[in-house]
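The following blocks contain the structures, represented as structure tokens.
Next come two complexes built around chain A: one with chain B, the other with chain C.
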Partner chain A sequence: MELAGIKIDETVDITDKVCPLTFVKAKVALEELEEGEILAIRMNDGEPVQNVPRSIKEEGHQILKLLDNSDGTYYLIVRKAED
Partner chain B sequence: MALTDDQMERYSRHIILKEVGAKGQKKLLDAKVLVIGAGGLGSPAAMYLAAAGVGTIGIADADEVDLSNLQRQIIHGTADLGKAKVKSAKETINAMNPDVTVHTYRQFVTSENILELIQDYDFIIDGTDNFPAKFLINDACVMAKKPFSHAGIIRFKGQLMTYVPGEGPCYRCIFKNPPPKDAVPTCKQAGVIGAMGGVIGSLQAMEAIKYILGVGKLLTGYLLTYDAIEQEFHKVKLPSHTENCAVCGDHPTITELIDYEQEVCTDGLK
Partner chain C sequence: MAQIDYGALKKGGFMRQKQKGYFSLRLQVVGGNLTAENIKAIAEVAETYGKGYVHMTSRQGVEIPFIHVEDIEAVKAKLAEGGVKPGVCGPRVRTVTACQGSDICPSGCIDTYSLAKELDQRYFGRELPHKFKFGVTGCQNNCLKAEENDVGIKGGMEVSWVADKCIHCGVCEKACREDAIRCTGTEVLLTKDKCTQCGRCVKSCPTDAWEGKGGYLVSFGGLFGNKIYKGEQILPLIHDKETLFRVTDAAISYFQENANAGERFRLTLQRLGEEKFREKIRAAYEE
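Take a look at the complex of A and B:
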């Protein structure tokens, strides 16, 4: 899969969760990846888009892009940092 | 093994922590901790370990639940009176968290059984109430190279220290030998404030959890004391590993386990 020209290694959908499980589910998915791999996280507009990117950044991962899917959801594209 | 959705939710407050994460939570789920004594210390220790998702918890105790236990031994309830403490403890843990496998040993530790009891566990919690058991647990853990948390409580005071093989003094480095029989009152004679077990036993659970996670500093080389009357904690630095310790020194004189004469604090002894 490719999003906005970026090759995606794994995707996770957190639109079925509410805070803080949105972040928890994304964090667990990131821990499954190897350093440097790319995760696309599908999330709802509103609270998740406000908070999840910040929490992931605080963990040291690199935010590459936030894509508006124009259906009330976004894809956050993250490169995994080392553990 | 990947965490289930339920586990992700149950342990979410752990997973969010940078120091834990899914990786740390899996370490907890894979860990095995033995709690010796299901009393004032062992109750909160075992319950916090169970809630934290420590995957295998062993409980060793030969006693039955007595009415005079219930002021502090919170893993047991009024409906458990007369029941084996290990059975009552197992029922409480099973009700708390189905992720935990509980192994019960309805026995007091002795020189005969302790090495076999501790051999399969990663960390041991001394929640006993008498000096012979405390020295026995120390010596066995030194010999078997097992980390353990020592603790003791009496009246309004409590203390704990952690032994990790090769990383500091053992209990016997500091305390040498059990005091003479009757020189020190048991908690049956002296009394103990119930919440003291909660404070110190929870700190023991914290030591075990941090050891499993490999996070932060442990009470190796330190004795933490708590005085509830003065409301003071003191972290006392201990002498580093003593070369002449009778059990963990360079030339140990104690090479076999000793059963000191028991003066057991069996409140409710019938």
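Take a look at the complex of A and C:
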């Protein structure tokens, strides 16, 4: 899969969770990747998209893009940092 | 036995209880922090002289109930060994409260604890016409409820966008809760009148393309007791402590000079009209 010209290694959908489990689910998905791999996180508008990117940044991962899917959800594209 | 001077005891943090001869001893706490050594001394006093428990007050204070009047000196001495001092009550500057701030909390925009200590050293226990409260909160999440204090200080950030660091990812547009940021794909536009200086764009930006200059948003005249009034911000973000202290000095002096005995700051401002006070504060700010 490719999004906005970026090759995606794995995706995770956190639209079924509410804060703080949104971040927990995203974090677990990131832990299963190798360093440098790319994860696309599908999240809802509102609180998740306000807060999850910042939490991912605070964990030290590299955010590449936030894509508006125009259906009330977004993809946050993240490159996994080393542990 | 000599007559008990309740006024002096209250000033020194001894709150008279319903139970005759007993006091709830209020302790001096700054910014909600106590050391392990402090806590050990407090525990020992509570066990030896009190009833083996403490009460956490609504403003980050600690009180040890059931201290008998005859034990006051022994209790003070024991607490002093652990670096603990009695607090204050009555018409003076009370406990300076603070959240954990930028030292600990990812959301913090200012170092609240250092500031609380400085405010405490500058003002704690100062005699005034009525009680006077300072509270310091690190950001606009406002965990410490700045506006309920006579002087509330809240951390904020003046933000600016750095074009050459930006990867146009779009995160900041969504992180902003005020709809003040628009990402066009090639540019990032900030509507300054909408910006509340919360710093969320700075905190969320993955490439540090938002720079934030931290500072203090000060509110005056909050009350949260018999009467409730939200403290009002009348100045822009203050970047340096020197200006901040000029402003807080001006506020407390105005209260000292103009309040009637037993009149809270907000009621003084209401009685005299706010314009004069605002002029004084603006003059101190611009000095």
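Here are some notes:
Note that the second predicted complex is superposed on the first by the 83 of 83 C-alpha atoms of A that agree within 3 Å, B and C clash if a C-alpha of one lies under 4 Å from a C-alpha of the other, contacts with A are read in each partner's own complex, and residues count from 1 in each chain.
In the analysis below, a contact is a pair of C-beta atoms (placed from the backbone, for glycine too) under 8 Å apart; a residue touches a chain by one contact, two chains touch by 3 or more.
Since the model is a prediction, treat every value here as computed from it, not as a measurement.
Look at A:Lys27: by the touch rule set out above, it reaches chain B but stays clear of chain C. Looking at the shared chain after the overlay, A:Tyr75 reaches neither chain B nor chain C. When the two structures are aligned on the shared chain, A:Glu59 is found in touch with chain B, with no touch to chain C.
In the superposition on chain A, the chain among chain B and chain C reaching more residues of chain A is C. Judged by the document's definition of touching, chain A residues 58 lie at the interface with chain B and also at the interface with chain C.
Residues 106, 167, 169-171, 174-175, 177, 200, 203-206 of chain C are the ones that touch chain A when the two sit in their complex.
The touching residues of chain A, counted against chain C in their complex, run 45, 49-51, 53-54, 57-58, 62-68, 74, 76. Residues 2-3, 8-9, 12-13, 15-16, 18, 21-23 of chain B are the ones that touch chain A when the two sit in their complex. For chain A in complex with chain B, the residues that touch the partner chain are 20-21, 23-25, 27-28, 31-32, 55, 58-59, 83.
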